[in-house]
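Just below is one structure, and these are the notes that go with it.
In order of appearance the chains are A, B, C and D, and numbering begins at 1 in each one.
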Amino acid sequence: MAGSPAEAGGSHLMTESSRSLKEKCGLVGIYGHEKAAELAYLGLFSLQHRGEESAGIAVSDGKCLHTHKALGLVGDIFKPEVLKQLPGRLAIGHVRYSTTGSTLLKNAQPITVDYSRGQIAVAHNGNLVNAKRLRDELEAYGSIFASTVDSEIIVHLMARPESKTREECLLKAVRQLEGAYCFVMLSEDELIGIRDPHGFRPLCLGKLEDAYVLASETCALDLIHAQYIRDIEPGEVLIINRKGLKSLYPFRDVEVKKSFCIFEHVYFSRPDSHVFGESVAKVRERLGEILAKEHPAQADIVVPVPDSGNFAALGFSRVSGIPFSFGFTRNHYIGRTFILPEQSTREFKVRIKLNPLRDMIEGKRVVIVDDSIVRGNTSKSRVKELRLAGAKEVHMRVSCPPHRFPCYYGIDFPKSSELIANNYSFDEIKKFLDVDSLGYLSEDGLLAAVTAFPKEQYCTACFSGRYSTELGDDADKFYFENQRAGS
Amino acid sequence: MAGSPAEAGGSHLMTESSRSLKEKCGLVGIYGHEKAAELAYLGLFSLQHRGEESAGIAVSDGKCLHTHKALGLVGDIFKPEVLKQLPGRLAIGHVRYSTTGSTLLKNAQPITVDYSRGQIAVAHNGNLVNAKRLRDELEAYGSIFASTVDSEIIVHLMARPESKTREECLLKAVRQLEGAYCFVMLSEDELIGIRDPHGFRPLCLGKLEDAYVLASETCALDLIHAQYIRDIEPGEVLIINRKGLKSLYPFRDVEVKKSFCIFEHVYFSRPDSHVFGESVAKVRERLGEILAKEHPAQADIVVPVPDSGNFAALGFSRVSGIPFSFGFTRNHYIGRTFILPEQSTREFKVRIKLNPLRDMIEGKRVVIVDDSIVRGNTSKSRVKELRLAGAKEVHMRVSCPPHRFPCYYGIDFPKSSELIANNYSFDEIKKFLDVDSLGYLSEDGLLAAVTAFPKEQYCTACFSGRYSTELGDDADKFYFENQRAGS
Amino acid sequence: MAGSPAEAGGSHLMTESSRSLKEKCGLVGIYGHEKAAELAYLGLFSLQHRGEESAGIAVSDGKCLHTHKALGLVGDIFKPEVLKQLPGRLAIGHVRYSTTGSTLLKNAQPITVDYSRGQIAVAHNGNLVNAKRLRDELEAYGSIFASTVDSEIIVHLMARPESKTREECLLKAVRQLEGAYCFVMLSEDELIGIRDPHGFRPLCLGKLEDAYVLASETCALDLIHAQYIRDIEPGEVLIINRKGLKSLYPFRDVEVKKSFCIFEHVYFSRPDSHVFGESVAKVRERLGEILAKEHPAQADIVVPVPDSGNFAALGFSRVSGIPFSFGFTRNHYIGRTFILPEQSTREFKVRIKLNPLRDMIEGKRVVIVDDSIVRGNTSKSRVKELRLAGAKEVHMRVSCPPHRFPCYYGIDFPKSSELIANNYSFDEIKKFLDVDSLGYLSEDGLLAAVTAFPKEQYCTACFSGRYSTELGDDADKFYFENQRAGS
Amino acid sequence: MAGSPAEAGGSHLMTESSRSLKEKCGLVGIYGHEKAAELAYLGLFSLQHRGEESAGIAVSDGKCLHTHKALGLVGDIFKPEVLKQLPGRLAIGHVRYSTTGSTLLKNAQPITVDYSRGQIAVAHNGNLVNAKRLRDELEAYGSIFASTVDSEIIVHLMARPESKTREECLLKAVRQLEGAYCFVMLSEDELIGIRDPHGFRPLCLGKLEDAYVLASETCALDLIHAQYIRDIEPGEVLIINRKGLKSLYPFRDVEVKKSFCIFEHVYFSRPDSHVFGESVAKVRERLGEILAKEHPAQADIVVPVPDSGNFAALGFSRVSGIPFSFGFTRNHYIGRTFILPEQSTREFKVRIKLNPLRDMIEGKRVVIVDDSIVRGNTSKSRVKELRLAGAKEVHMRVSCPPHRFPCYYGIDFPKSSELIANNYSFDEIKKFLDVDSLGYLSEDGLLAAVTAFPKEQYCTACFSGRYSTELGDDADKFYFENQRAGS
């Protein structure tokens, strides 16, 4: 997957790490460790793939909160001298992707505010589908909004004076939210983790000595040598304080359809994470195995698009018996700083990141495996490179179905009109990509690869258009679109 | 108060421009010019002395507001590529000083928010004396606060749903404020300037072709070749929009004592500005003239502390007949970047900024003139330098009375306990400074130097302790102290 | 040796790209293209793995040379605005590794000087074994040295006044050099490529439209879509100018043993390059295949250390029939900026770069394949991670023999005393690494994997101690050691 | 004086500190102090006005030299962490101005090299008039040149193998130099100061406890609290080592005309320095006094162009009896970072640095005093500002004669064709500047202001065209011109 948001001015900027489909965010929380800020930093570092635009950490020293957030990558923002100035045993952290064009510091998280009950810092992963309505109501009530992020909405809801206790006001606020959300929150003396009742996004709990850790993915626990305990349950509000852990279930009496985002397995989560009860890497191997059964090929080698297609390609190879081979060399030096100098040399762009290994490819019938085709341009140029390197045939296999629908639950797909599967027929796509054969995994195949929960508990809306929530009135949709375009 | 880490390492940082007494802020506003952001930038540049910590500009392109603010100096923040991204014909700008130690981006202004009536950006110069009470009331009502600056309070007040029109809600909000304030505000299509009924801080109106300009000092008008029109009156709310200028007077029916901050003339404002109806440079010359009458000296030369004592020293010289002489050379390269390398060489610190001119001083009886003595340490080291350079006698003359009281109206004096005039008797100060004679201008002398308004209309609270407003209950005072210490 | 301070603070700096064995340099040259500097930049970018410390480009606009070089990565140094200031149709470029601790700008290349015949820029890859003697002779003659790099020596030799023509002086200079060297040189109107008669380091010639390209590896040709023509021959001096190509052979009458550095295949060169007549990736697969025959294992999966062991592991898997599996996830965000915050969290260091995939490893007998073991610490921690992830057995396989001897031909090995194979017996190494079995490829196996030239034409000195040149007198050796230690 | 060298790209860059006439360099040397690098840093800081482009420090730790140099201001380059890495008790330092357009790191000094006698670092202030011939001879001999600075020439001369001792080779080298030069040199164990026999540029000796200090101006001694001892004599080679001080006089037997650069007094040196035996500030006051006698004016106030005209204006005021007044306010925030945003706002440029004080000027007949008129544009705009501020008459007085001739001794004047005095008659200049009267100090008046040496011992070549040395053949002149234009 190539493609990348430019910085101001850097129109030719290409970054290795940019992903064309963007998760809204990654979260981490630490309770009760003297190096809370450092652990949050390391956790965020391992969740960097969930948001490359901005990063922030808020800590509590028991009396008040301190927050540092900025645009940029985790490692650039949190230098040792910055971490030193974030004292305390409680911390939350957040990484966030960038909306196109403008990178806005005001939307960086955590959001930290004073309100009648003290101070609170909030970070969010997901997308509320009733955000517009809630904002309108709050503004009518007199609220002001300094950002366009959902975290600010829940803070306003919690600040409403009607409730008597902090707990009550939290539950009341949560019950008004609709859509996909995980929150980590920090007050002077509490760490709180919240997951929406559908369970769209992952959030897990770990333990490191006496400290508790919350994280979007288990790879964050691994890095800091924390023990995985369990996932936060859909609809759970977990409060961690001096008295220990306490779980509240504000949606206990409501029937809510589980909707685990299957694209976390296909694309977003790191392969070394456990998400929704199973290994992401294993799921990806199975996706490749099923893909080989659904769409076999007569070929000499199976080649992954590195590194996104690695596991699926290996699975494909095992089932098909076609030898796995590395067909591209990845340049590890492409980072934020690489800029292609001139328009006339843009033709060189394709090979900057991946150079085909001619000796592996020449004269071969090649199966190339990737995890998804979004706009199609990158795939097309990979195929072209294989042909220039002498491939006799190119068979493309994709470890998920075609993307046709927007995600309202926290993934930033391109506009529908930019999705290749919405613009072309299967045959046209095949022709556009210039492949000898093309095979997408079926939705059934996709769901066959996940084993932890019943199939109907996964959200496949971006493939099927079957959304798990009401999407609100037109205003909400309009707001949602605008939020991405205009802010 | 949530806080954020300062930049690393700068414990030895010495800046040429740092001033021991700090104005809270400087303001500029532009209505109706295609280069609004650039003009705001230039205006802020000329007001840099009113706030060196952070700077911000908000613009309106007619439909929505765009804001850029950051810690640092105006010239460092607003590079051409940044200005290019601030489109529109309306703009407001703000510079702000730093509290000691922590520099907080969250407190940078303008503050830009969405509320029920659209968007609004607000910047403030001054200090509300009822801020704590207003915040408590607003929080009880459900408001959340992301910063500790007064601008956020007025925005919350304006967002209250009770009023019917934007104008009504603005006036209602203003009437609740007590203390010293000038505001510039920007909505999608209006520029608003507000000055408190006491008139503590200056705010003036200018015209550049068809455009209107608001600025804290007239030097900002000069730089952009705008014509000075008049001062915003104490208690005036000036609204500039498509229909032209409209003035509202929310305090018309209330009797309010005028309280022009005399320290603007003594110290804060640039000498090339007109403030409160007269030339700052001229006032300073008169301060020196009166000082020479009140505290004559038998001496050979009159030497200013450059550049703060220049005009007063010249006035002193004229009246006393003692020749004016440059006694120090100022190093113009001391900027943000200069760092003294090691503790052991800190002794070199004194001469880095000003080196005495031995040939002018040796064997002479020297009158040294400065605009104020705050803690006394700097003055002491200047005297020591003069003696090392061979001065036979040193007579210090100060163009204002001793500072003894805190300012609640927007100037950041050191704590009372750090003010030398509160800790030592006159004789002790003389001894501490090691001068042969010492003369402070009297309060009467001070007031004799200003000519535009009756004497009782100037605020001299920092010298006299006679405050022009009620200072609120204990809570307010406590809050105010804490705000400075804790945030 | 004059030295210069490194950048501040980076004691914990970990870079993804740092390689424990360092090639001295990478070279590129462009003749006759209007975008010569850009092509050189792209070429250097693809050779970044050959030198991460400094990079430089010299261009000729036909009349004079312009040079830009700096410490840092290619993409950081050559921003578009820098490239714009490097006009002309001829260019050479250079990347260089850093000696530990001190990074010295003065040693960055190309070296550009004025001498009696005009201007010349020189860049070097390799290591002269008679550098000390040549420097001494030159200094006795009156030469001054501003750096410690070999390029400066050849420039001094070329500046000697005895020869009549530029060509004669070049050949005379080359004949005095002993050791490993490739040079690219640039005068106002010529591009020159030189390879030592042993052929230690690779240098190839390509063509892009009418332009000629020189490069250390063919991957640089691929990136800019240049056609590979041939390798520069050992002992060839290739002069490219208006008249076309001209090859000189200053060592034609001397018998010189060919000595192609086999470690280019094992470790240094990019897998997508052709080096010494064959594909690096193919050679690496064969290394793995032979390794599997020499050291079979009873195991469940074969896991590479990514990405260095990828091809050998695949080869091992194919021959052994043990399934290939990805056992680690690589964090692609580790770049120059990542700093581990505190000593106490250094334990987290190991997993920052590679996190083991527990689900792939748990309960398995694992073969882990890497390309080399130098000090042994990294390998040891990889094994420990596998065991923590539940591996039942760990069998380490290494695709080259143990390193025991220093390289005098351009590779920066650690001191002999730091090479694990010099300090421990095979059994001790096995115990140190905590592996169930350990297998190094034999020297015969190593040589069986390369097919382009007779076995005796490869240099294996770092394994065998059989050096291909006289190493000079003690002074030379002493100088060489010091150069690395002291500068 | 306005005007400024641009950085790459920053075409609108205006810097407070840039001077339109540029001294080639400033020098400092420290012998025998444990904080040698820090003292050198502070010394350079106080000499920053002598060279704003690059700065460098070389130290000796007794065994070898370490050098750090870079483009930029002293305070930007020598951060504490850099100074920490410059160990030793001996140091030399250098500041340098930039040639137009290109700022070249390769020309930064000190130049540090290895040669047959060890290591040596050299820094230079001045300009050799036989540089071209010496370079040609050296190149013919086999020398290579990495820079275009004169320091490299003397190093080559010293490296010539003919002499037996280091002292002999130094004296032999010095005797070959012609023109203006001060050198400070550092070997492992010696500090050397050299001043040319004409004495064009100043160099003084000071003492700080047991340490010795060399510096271009005494203000560097003041800052570090060193005691001034004496000037290095014209033609003296002062060697400071373990045995103490030793002076050699290689030109003892040659008759050489003394030629102290009078422009050091008029313009270059800091007013708080003693140069050529007397106070710069005092000389400047006398220049103003004589100017008042030569060119009296009927006026109401005397106004300096701050700060360059301060002392002369004061002198003018004293003799004429016309009151001295501050007529402009200087903006102290203009530094390297200020960039004017757009061409259309360039009209604002003039007031950015100096804003006229209307209240002082309006309705007055103004004498404006400056130290020189070079191109005339800046003076013209100052006059225009005074008229816009309401001046009734403007009388310009200049404290030196018109500049008509190039300086071959170390000052970088604009090309002759750009000097206003070469292009216009006196009346035309008056008209161009739009002044009511204009008065330049006469050459006699100029020489009357200096008192330490007989008049004929001062160089006034830039006014009179009477050069103190032969200027070499055409080649030398051509070389000299080219060096500035082309490198």
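Keep in mind that, in the parts below, contacts are C-beta pairs under 8 Å (C-beta built on N, C-alpha and C of every residue); 3 or more make two chains touch, one makes a residue touch a chain.
Keep in mind it's a predicted model, so treat the numbers as computed, not measured.
**Q** With chain centres defined as mean CA positions, report which chain is farthest from chain C.
**A** Of all chains, B has its centre farthest from that of chain C.
**Q** Determine the centre-to-centre distance between chain A and chain B, using the mean Cα coordinates as centres, and give it in whole Å.
**A** About 47 Å separates the centre of chain A from that of chain B.
**Q** Per the centroid of Cα atoms for each chain, what is the distance between chain B and chain C, given in Å?
**A** One centre to the other, that is 60 Å.
**Q** Mind checking the centre-to-centre distance between chain B and chain D? Centres are C-alpha means, answer in whole Å.
**A** One centre to the other, that is 38 Å.
**Q** Considering chain B alone, which of its residues make contact with at least two other chains?
**A** 9
**Q** Any two chains that touch count here, so list every such pair.
**A** Here the touching pairs of chains are A-B, A-C, B-D, C-D.
**Q** Report the residues of chain D in contact with chain B in the complex, numbered from low to high.
**A** 12, 16-17, 35, 38-39, 41-42, 45-46, 48-49, 73-76, 78-80, 83, 219, 222-225, 270-272, 274, 279, 281-282, 307, 310-311, 314, 318, 323-326, 328-339, 341-342, 344-345, 347-348, 351-352, 355-360
**Q** Inside the complex, what are the residues of chain B that reach chain A?
**A** Counting only chain B, the residues touching chain A are 1-6, 8-9, 64, 67, 81-82, 85, 106, 111-116, 135, 139-146, 155-156, 159-161, 486.
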